[in-house]
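Naming follows writing order (A, B, C and D), and every chain is counted from residue 1.
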Amino acid sequence: MHANNIVSHLPGVFLKSVADCKPDDNWVHSLGIPVCASHHHQLLEDPEIEAVVIATPSDTHVEMIIAAAQAGKQIFCEKPVAFEAEEVATAITAVDEAGVQLQVGFNRRFDPDFLAVKAAVVAGRIGTPQIIRITNRDPLRPDLDFIPKSGGLFMDFSIHDFDSVRFLSGTEVEEVFAMGTVLIDPEIGKLGDIDTALITLRLTDGALCIIDLSRETHYGYDQQVEVFGSGGSISARNTTPTNTILCAAQGVYTDKPHYSFVERYEAAFVAELRSFFAGVREGTPPSVTGEDALAAVRIAQAAQQSREKNRPVKVIS
Amino acid sequence: MHANNIVSHLPGVFLKSVADCKPDDNWVHSLGIPVCASHHHQLLEDPEIEAVVIATPSDTHVEMIIAAAQAGKQIFCEKPVAFEAEEVATAITAVDEAGVQLQVGFNRRFDPDFLAVKAAVVAGRIGTPQIIRITNRDPLRPDLDFIPKSGGLFMDFSIHDFDSVRFLSGTEVEEVFAMGTVLIDPEIGKLGDIDTALITLRLTDGALCIIDLSRETHYGYDQQVEVFGSGGSISARNTTPTNTILCAAQGVYTDKPHYSFVERYEAAFVAELRSFFAGVREGTPPSVTGEDALAAVRIAQAAQQSREKNRPVKVIS
Amino acid sequence: MHANNIVSHLPGVFLKSVADCKPDDNWVHSLGIPVCASHHHQLLEDPEIEAVVIATPSDTHVEMIIAAAQAGKQIFCEKPVAFEAEEVATAITAVDEAGVQLQVGFNRRFDPDFLAVKAAVVAGRIGTPQIIRITNRDPLRPDLDFIPKSGGLFMDFSIHDFDSVRFLSGTEVEEVFAMGTVLIDPEIGKLGDIDTALITLRLTDGALCIIDLSRETHYGYDQQVEVFGSGGSISARNTTPTNTILCAAQGVYTDKPHYSFVERYEAAFVAELRSFFAGVREGTPPSVTGEDALAAVRIAQAAQQSREKNRPVKVIS
Amino acid sequence: MHANNIVSHLPGVFLKSVADCKPDDNWVHSLGIPVCASHHHQLLEDPEIEAVVIATPSDTHVEMIIAAAQAGKQIFCEKPVAFEAEEVATAITAVDEAGVQLQVGFNRRFDPDFLAVKAAVVAGRIGTPQIIRITNRDPLRPDLDFIPKSGGLFMDFSIHDFDSVRFLSGTEVEEVFAMGTVLIDPEIGKLGDIDTALITLRLTDGALCIIDLSRETHYGYDQQVEVFGSGGSISARNTTPTNTILCAAQGVYTDKPHYSFVERYEAAFVAELRSFFAGVREGTPPSVTGEDALAAVRIAQAAQQSREKNRPVKVIS
């Protein structure tokens, strides 16, 4: 998807090579990309390549960030950077020492609706934030194969929400209480994960947040956010493929939400890369930093601990 | 309001008397009610009076229920019946011993939108409930005078939501975690209460619930509920005075939600009394019982305790 | 319906008698109405009766208005007063000579949504009106028996819209062009009527209006109106029994519009009678006059003529 | 815009040259387009160029189509092809004789919402179409300079709607009645044009259509369409930049419609060119033909005549 987006939407960026452990030459060349590599070292060794986009399994991110940093490449890396705060810190250190930049793939920060919510908050249109509500629900449970390497519901899925809370509020998270359970598929439970959860957060400025999570809606990708404050409320509702409405004897139907993150955050995926490459070109700092990734991972860790111990847990800052 | 509703909307019910410690003869007679009493004993002693509606301050409810029960009257009582589970139990005992009926004023159970949500759940249109979300926000903070005698945010305000969770899910609450704070008015905090809260609940069947509470929206009475399940989601959105939409250079405006509980639950207030008097006439059991009141108070107590101790608390059943 | 509304919602009005050519004693008495009459003369001869509500077939209205006026009764009459402008004028004359008042049942003038649209127009929130759009569609074609005595689609059904145009714009209609056809049921055509039509109107101040009509939606009573002006647009959308939304794998469903005029204009039917009786009591002029009925009939006649001749027709004023 | 779209969104198409009577070399080269021409003959003489996109003033279209056809180029041409049916026919003849293809820029046919409406109609979800309603309103009146060369409101602006009626219904237009006026700017009237209109159409299958037109909304580009039929109704509502909702003491605000055709039909502008170039590559017939352009111009001519003579006018087929 990132390769497609660069080729189709970022005319000023030249995508020289894609590396994959199972490289698909035909597909790579069909996009007009000259080099199809089977190992990421081939990219890191190419002096023509200025920047890399890492979209590999999460448990390989830190190693690749360090290698890319040492090779002097500018780095865009998908979320989560790692499952442990210490590992994220290691990656940040490597990046800092190499003097390169790292942008993390918290794509919601580039979504037009999330940006409009943020803008309303910053403009003071809802006063001081008091309650933030986030709904994050996937259309279909993931393959069971994915569960063990996912990092768990909080680290893999809700990591976006932890970043959204920080982004929308402009504040840090102080304390977390998480209630989680297995309601969709007992197999997920046998693998040590959960599929349904509520996470309550207290921010350092006193505001409260609630995140509700589900791995399976059947009706599409449910992505809603509200910031309620002393002067009102601003919400981003679900987006839909079309804006049509059908009235018939059986009922009144509108479109279901976009089916998955691919359609829902289509514009955001392009915008985050546009921002990254603009930063590379102009030498400006990235809009989503390694520190942002670290903060989100620390919240996810506290949520995990809270659920296991069934008590609120302070977030390390 | 109840007197008005009986006179205007329940033609089969004859309202003989209204008792108030500061009786307003003119108003009572303008409604065509023959007797304006200054003490509730006058009603209880009147053999013509079959049933009473108690809408006094919450801390007088139990005493009045007991007196009415002993006088052999059928009883409708506003919520909360009491602030302590023991007191509610005492009222229930008195009612049972007298062989009369007690209906409690959980009016949301009679709201067309809540009923439609319940009907969808019962009909299996959303599968098995997994997450229930309730937003309950008042338009304007109450007078500070009211706070000390209110029973607190959970007992006074969220008591409706505790009943809604039980009503919509058909299940009991097992455990509660409440995070509360003072964000609207520090004076509320000085009086020992809070004005903003999140309450997370775990039901006995494993489903999770989240209630968000605020004492002040400025934009009206925010009353939303969603039941999300294994097959989809059913929500009741806010209702509005009109269904108009204004498009202008400054923006697109629709109506604000109804301003307060009076307008929002107008039909429900009539329907609960219609149900009560129908039960009295036909000798059928009330649709909202003393046991329902007791269950809600026990959840409120657990929520209160949870907030004070900052840990999850089991609900006594 | 009117009898029920008076009994249930207008506590200050005493409904003494209902006259019907096939009187239903049980029903009348169940409403607490003392006298069940078999001829309207019984009401007109009763000196205790101050005011009458005429809800008989349209072709009897004028005769009854004249009789009631001569008996000195205040009169509320359903629409249309008559199918010919001359007859309406005769009724007006009788009313004027008798010194009584006549209010006509254009109930939309009392609907909260239409009133909000009117208020926005009067307040200048949309500037000067330029285009008025009305959708008026019935859920189910009428019985074929009704067609011959209905007065036709324009006189029976669209008469409300002609009044709405005048009410919302505060202006008179100058010219009409009507395009009508039979698309729902050929039997309606055999009876000389149509079931589907578009009516274009030019107002005296230059604004344009369009009314679209259908006798059958299957999805409910479709009642929408928009006033578009030099500063924006105000619309009344359909109202629905509840405000719920169901998201499921099959789609997203909301409520259908209210099924028929009974539910859609429930509040308006009460409000028009409340206004009528308030006028009777206080001696103030009615809010919808015989002249309003006359104006609407003249537009309906012009529309009828336009359709027959397939050319625009000026409205007599 | 077309040049930008080709460069940014159609990776398989190589845009070799842009011709403009006032060529802007810098802009052309910034898009990576090699040749910046000052006359369209330069393109027609270039044997490497297979296809041309004509987006010049409407009164130059026919001449350019003929020249391009004679040069053997595949042709995409903006609407309207010409202001007279005879001229459009001449262009079609030239295209046919040259054996090239002509696609016309009726972009709404490629809009996701219009396509969903069409799909619902074709799938029979609303039964047989009976009433089509189109609202077409511009945000801001055009420059007065544009009026004389625009072809008039019907030819320039409503030409899209005439095509939409044919596209959505799959039927031809038989008769037209147009009521038009000047309500926005008297200067438009002095130039012989109108700025506000209602157009009523009768289709050959008996269905009726209504188009309402305005040159100025102030609140954005108002583009709504409904097809109502024997089984229900399908509508495309306005699209908005975001899906946010702001609740505040002053009211509830949602986004205004997209401001202009550029944003509203962004995806459609890309899709129509994608379709054109796919047709060129694969030798398949264009999805919007010269005959479609001819049909739309004939309806516009009938509408123009109807307004001038104030009577319905048959459309030549």
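Going forward, a contact is a pair of C-beta atoms (placed from the backbone, for glycine too) under 8 Å apart; a residue touches a chain by one contact, two chains touch by 3 or more.
None of these values were measured; they are calculated from a predicted model.
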- Query: What chains, if any, are shared contacts of chain C and chain D?
  - Reply: A, B
- Indicate the whole-number Å distance between the mean C-alpha point of chain A and the mean C-alpha point of chain B. 41
- Task: Starting from the mean Cα coordinates of chain A and chain C, work out the distance between those two points in Å.
- Result: 57
- Identify all positions of chain A at which a residue touches two or more other chains, and write them in rising order. 217-219, 222, 231-233, 247-249
- Message: So with touch defined the way it is at the top, what topology do the chains form here? Options are line, ring, star, complete, other.
- Response: complete
- Message: Per the contact definition, I'd like the list of chain B residues that touch chain A in the complex.
- Response: 128, 130-131, 133, 135, 137, 177, 179, 181, 183-184, 196-198, 200, 202, 206-210, 212, 214, 216-219, 222, 228, 230-233, 310-312
- Complex contacts: residues of chain C adjacent to chain B: 7-9, 11, 31-32, 112-113, 116-117, 120, 125-126, 231-239, 241-249
- Message: Considering only the defined contacts, which chain D positions touch chain B in the complex?
- Response: 217-220, 222, 247-249, 251-257
